[in-house]
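Please go over the structures that come below.
Same chain, two partners: chain A is paired with chain B first, then with chain C.
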Partner chain A sequence: MNKLATKIAANERSDLAHLMRRAGFGTTPSELDAFVVRGYEAVVEDILNPETAPAFESDLIDRYFSGEPIYMSSGEWFFRMANSPRPLEEKIALFWHHVFATGFSKSEHPPSMIRQIEMFRHFGLSDMRTILVELAKDPALIYWLDNNENRREEPNENFGRELLELFSMGVGNYSEQDIKTASRAFTGWTFTQPLPVYPNGHFMTEFLYRDDDHDDSVNTFLNEEGQFTGEDIVDIIVKQEATARFVCRHLYNFFVSDEPQVPAWGTTPPQDPEAVDTLVNAYFESSGEIRSILRVLFNSEFFKTSRFERIKSPAELVAGTIKLTGTHRFPSPQLLDLDTAATLMGQQLYNPPTVEGWHTGKEWIDGGALNERVDFAVREMANPSAPGIQEIITDLRKDDEPLSPERFVEKSLDILGSLEVSSKTYAALLDCAKVSGGLDFNSEESINHGPESVHRMLQIIAASPEYQFA
Partner chain B sequence: MESTAKAPVLVVVQLTGGNDFMNTIIPYTNPVYYDSRRKVFIPENETLPLNDTLGFHPSLGPLKELYDNGNVAIVQGIGYPNSSRSHFRGMDIWHTCEPDKIGNEGWLGRTIRDLDPEKGNVLTGVNFGRGLPRALTLTGIPIASVGDLDNYGVMASISEERSRSDLLDSFKQMYASSIGTGPVMDYLKQTGLDVLKGADQLKDAPTKYSSKIEYSENPIAKSLKDIVRVHLANLGTRIFYTTHGGYDTHSNEMPTHPGLLSDLSGAIMDFFQDLWDHNASEEVVMLVFTEFGRRMQDNGSGTDHGSGGGAFIIGDRVKGGLYAEYPPMERARWEGGEDLRHTIDFRGVYSTILEQWLGLETTHIVNGTFEQIHPFAA
Partner chain C sequence: MVKPYGMLRAGFPYVKCLGMRRVTNHPMDLAIGLDELIYVVCRGGEIARLMWDDDGSWDVPDREPIGGTGTEDGKFTWPVAMIRDKDGHLHISDEALHRITTLTTSGEFVSKWGEYGDGDGQLNHPSSIAFDAEENVLVVDTMNHRIQKFTKKGKFISKWGEYGDGPGQFNMPWGIALDDCGDIYVGDWRNHRIQKFTGEGDFVFQIGSLGSLDGEFYKPAGITIDCDDDIYVADSGNNRIQQFDANGRFVDKFIGDATLSVMARDYMLTNAHPNRLREMTTLEPAKRLRSPRSVRVTELGRMFVVDYGSYRVQVYQKEVVHLDSTQITPPMRSPTLAVV
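Entry: the complex of A and B
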């Protein structure tokens, strides 16, 4: 066997498996079969228009997971990632959660955090103007960046600064004066005071514009002068090339291939400048519509050839694994364990460490995190009653033909999403397959021990270095 | 393993978010303080005076006790020129000693490389917490990062002994290095092998430990307890790192800041008491730092990002007292007209610890030569 023993020529099946790892959280084997029948471009259109699929049915899960504290919502989100018929809706919400990182740790107010993610689901594929205005009106974000304390008499720059530095343009493309003007334009953007938490728990809060607290002095912003409202500031921001480049590089980083961390972007050019240029063109042709940019992205060659170039985030690793094993197709208290698992890997949903969000890519991997990742995936694959694993076994024996050890390995990798492994990993899998002499469900030996050898095979795949990549 | 138990050890505690130094070490007699801080201030009669002009925040009782005991060097006015008010950049600068460009190498990564150039011990540097701070990153330098010391090990949750041992064999086979798989995959595989080795060594630390100290139930107390447990296991760890978050007090500083300081100072006291009880304190020095201080003036409910701040160096071998100068209070000398002015460069304080405590050459670690202080007893 050569080094990339199972490197396969790209085909529609492997392209679709790749697409769904990036635009969603992977597929089950049967879902992948159905996607192959539908065809790549049609699937891209389907996922870009989530409203064509049935909405996620939240009745059942809400009955069990609608309360506080936030790790229950985190459990619910994992459930949605794995089971929603609208995978991109969840993925784009996760994307914006990375970019507009808002942490529960400060507000400890679940309703507003939950609503922020719901807002990302709803508006996440629309245009940047809509997205930034919705963001500026989002109570969780307002509180997180203290815009409720941004007063005409006592401006608070926290939101104004991060809006420019982290949410739209990137450092180096504006002045301190621009920050001050942006901050002033958003004075008066606050939220209604919710009812006190005791005795009945948390209440929702709504966006509130207080004209009497709005600073309407004349200022300059990015070389324009005026009495700016918050919307005016966003209008100016979204037409900047810096904004297009910043947003498109984020999309590239999240959907295509790991870029360096955001602070390096001012000095380190993108690894594929042409790809980012292509996306920037799509930005301006569509007035900054994320759906249009993603259409270009998913259909591009640079996307299709980027298989396994990204390190999975903890959320992707957790959701992708449970989607495959089917352990959480119905709500159960064990959903809460997923929050703990992802937290120990370095990513607690709803709770990024700072407004800069999580450091991604290679920085997900350190000794402790890798250990947690491997442990989680191996543990999940060990669950013999998991319906997803039952389906994999059914798939493996579909033709009722005995599988040689080599075929057993290759078919397992294919069923799990056209995975590619190195010769070392292939050798480890082959050793495992040889213990049971391949897979033959016609023999007494395999009927008794077949499922066990499948579990073992899946566990080794889950522990492999390649499993860490999407 | 060769015993390195008495080799000098450094424990770094990062206060994430930008601790308000002026409400930590308070200039309680200075009218400028009370003029600048109309709402976010500590009244004179509540501070814990350490001399005629400065006092500890009332929640820092345990730290003051250590100070009175001569164990705490307060580094006043620590910072660097043209301070970045961004958390990300600010922390990056402290982690990499690169104020003008983006650095990829952490100062403690370099320190660990110099302490253990042969990479003989995968536990020379150990981080406790979520994710690895950039201060500890240097490609090729192994760092153990422990989320939960009590459940640490590769595939620890696979309980059946035989199948776990088979899986570990496969793991070793798959993570063995090979040529030409690319830097990210190489890094990932090496990390896997290092974890295997480190976990093997760390697994006995919790069982060997016993103590009279009852640490509080909060994250910084848990982290410092874990550091004590690993230190006492004599695994040759020279650099420990942990973080304590929540210091970004733009609003509601008056109710939130005291809790943070109280958790922190209580945990530090328990940490040293535990080490004293085990006769294992002499070789340990702790550095407590934050990415920036906050503004001179409050914003009505909290304080915005500023520049100069403060740090603490704590330990038996520390010569307690005040180091560098308190940031000048006169309005004309505020940094950028708004912030506390720094009076000593943080890279000088790193150099102090690297050279005078760990006995290392410093210039290539901190990217230059900076004025040092002398906080260690002869």
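Entry: the complex of A and C
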């Protein structure tokens, strides 16, 4: 892609717009203005410490949009993504949802799924030891990977295998014996039996450790011998370089640039080995703290120069678009439509296809999915009463000066997050701007036609190939 | 109505449960019909019709649900509250469609009124509704942070209230109820309190503040007043009902005592797997209220708690003896430790 066709040089504003697309779900124009005043490094610190911002107020959702179906939880999550004052809390939860992919389809138990995501919000920026231990205690994951069937007398290796293969070290860095030992160490890690869904709905379950079902025999794990508990296994895992590389490559893939699918990682090296090395160093310097690794990542040149190198996941596309248009700043029944839209694009939240998670990057795009993505974005931009659209119009007419067609295009792209487009897209946008002769709110006729011109411009931008990238 | 001099509050035992998942799906409110059926409006738009003995279910032809999901006349998107008028018609508020709909108890559409906006007579997310003595309709206009009064046909009469947390101000109010004197009680949801007003909207007093102790609230939803002027609040965020006397003194609370309804028992008798699951766990959580949205008390003291999160209605019976002045001493100025 010819990224600099619009001649927008990288600057702090475009860096911040980029940061918020990756660490959150984009910004509104007014938010971006405030971020520019605060400065890049200060904003990085703010988002890395979500507790410095007010917590998301769930009372509106509880009042207006509470219900058991998982598609309602999906709608609620989109609402949070678009409106939470703590964007990285939602983004890191989405990241771990990709990595520790747990599907609703097996348990059909929404409360445990919802709590898993809440656990990701709460612990997602902490250290890998904490995260893996919390994961191993998570009822949704325990059921998803059959650890409730992992008994002292009849071990089930599903969780032990995925813990090593997909959640920490990656294929090729452990033996079959290590899987067996890990599995035995997690015997007795189960959950309390919740009440059945009928006749009074779902009830919560809690982690339960059953000492009488735990195998405390002496075993070998990654060249260490002992009577291992689950925590012991995690302690050994998190100090492995393979774990650091695996986790950091995931972070690079999610926050910087699309990597090949995870199964190929054993044979395909990272596209930027030096970047991954930098993150691995940060891992060991911080005892595996995700917050510290992300601090290095967000402040790095490889991050700042990665603008528009990732294809938005459906969740990012949906949440980013509604954040921009402001169509869901208050709960409405239409939140349900967001789950439908993302599902049609290939990503139903709470329901990844397998424990391997979604295949990302270019695999998000096929003919049908692309149509859904474009249709959704264009439809959202077409809503003239949407508060976000109104704010964009206000921003465009802020100086009350007529905008030439060129300036109209450039300012629109800037307001939408310093978007960069190819020469071909730029030419199409310019043609669109020339139809209205630019943008002018100084005459009665132009006041009437101005918003219409803006809607048309926004829709064409939303339909452009570049809008599919973050 | 002549009020008793005093009351002997003998008890308030749990009686039974009504409804279950698939029949009363996320119930929001209920009304007792002139036909004595219990009408339960559910969040999805359906209005279940239950008999007191609860022996019927969704497959009884003459008691299929009425209402339904939609935006057309007689349908609902986000119903909140339901009241029954003297003619037996049901009036239901819908906070997504910003309107009040009237149905017959057999589900026939009668009328609708209300439109979105913040002008006089316009509504923004209307929630609870209540009749005054003339059957004018008081509507909690939640997102306009005010109360509006309309004729039963929807003609605007008056309004009061504004956004804020001072006396007479509201932050997303929800519940509303009137006592026999025409005084009005409003559940001030995001201010975690109940406010009492005269019939003209003049502030009288408030009950409660944010908290979970007795007399405190967390996001109070529906409220009701019984014929003794006791005040009942669905303290939704604290998963309980609180009862106050007419002066706002905390009297009692109800956290849930549920047993299986008749239809739930019928269901369980034909489903072996959930029976086994129940045998593998504790039943204590199953008794408790989960986000109750409304509470209604009949003239006979039967209290219906709309247990939104558990798809049911929990029923209690108020046991009270009215006393004359020979049976209870006059109000005392101070507490005492005298034992006789």
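One rule holds in what follows: the second predicted complex is superposed on the first by the 465 of 470 C-alpha atoms of A that agree within 3 Å, B and C clash if a C-alpha of one lies under 4 Å from a C-alpha of the other, contacts with A are read in each partner's own complex, and residues count from 1 in each chain.
One rule holds in what follows: a residue touches a chain if its C-beta (ideal position, glycine included) is under 8 Å from a C-beta of that chain, and two chains touch if they have at least 3 such contacts.
Nothing here was measured: the structure is a model prediction, and the numbers come from that model.
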{"item": "Side-by-side fit of chain B and chain C on chain A, or clash", "value": "fit"}
{"item": "First, second, both or neither for A:64, with chain B first and chain C second", "value": "second"}
{"item": "Which superposed partner A:165 touches (first chain B, second chain C, both, neither)", "value": "first"}
{"item": "Contacts of A:332 with chain B and chain C, given as first, second, both or neither", "value": "second"}
{"item": "Partner chain(s) touched by A:200 [first = chain B, second = chain C, both, neither]", "value": "second"}
{"item": "Partner chain in contact with A:286 - chain B first, chain C second, else both or neither", "value": "neither"}
{"item": "Superposed model, angle subtended at chain A by chain C and chain B (C-alpha, nearest 10 degrees)", "value": "100"}
{"item": "Contacts of A:105 with chain B and chain C, given as first, second, both or neither", "value": "first"}
{"item": "When both partners are placed on the shared chain, which of chain B and chain C touches more of chain A", "value": "B"}
{"item": "Touched partner set for A:363, first chain B, second chain C, both or neither", "value": "first"}
{"item": "Lowest inter-chain C-alpha distance for chain C and chain B in the superposed arrangement, angstrom", "value": "10"}
{"item": "Touching both chain B and chain C, residues of chain A", "value": "none"}
{"item": "Chain C to chain A touching residues, read off their complex", "value": "20-22, 26, 43, 77-78, 95-96, 174, 189-190, 219, 237, 258, 260-261, 263-264, 267-268, 271, 273-274, 277-278, 280-281, 283, 285-286, 290-291, 309-312"}
{"item": "For the chain B and chain A complex, residues of the former touching the latter", "value": "16-17, 85-89, 92, 101-102, 127, 130-132, 134, 137, 142-148, 152-158, 163, 166-167, 170-171, 173-176, 178, 180-181, 184-185, 187-189, 191-192, 194-195, 198-199, 245-246, 248, 250-251, 299-302, 304-305"}
{"item": "Residues on chain A engaged by chain B in the complex (per definition of touch)", "value": "3, 105-106, 145-146, 148-149, 151, 154, 156-158, 161, 165-166, 171, 258, 260, 262-264, 266-268, 311, 343-344, 346, 348, 353-356, 358-359, 361-363, 365-372, 374-375, 378-379, 382, 422-425, 427-428, 431-432, 456, 459-460, 463-465, 468"}
{"item": "Residues on chain A engaged by chain C in the complex (per definition of touch)", "value": "59, 62-64, 66-68, 192-201, 203-204, 332-333"}
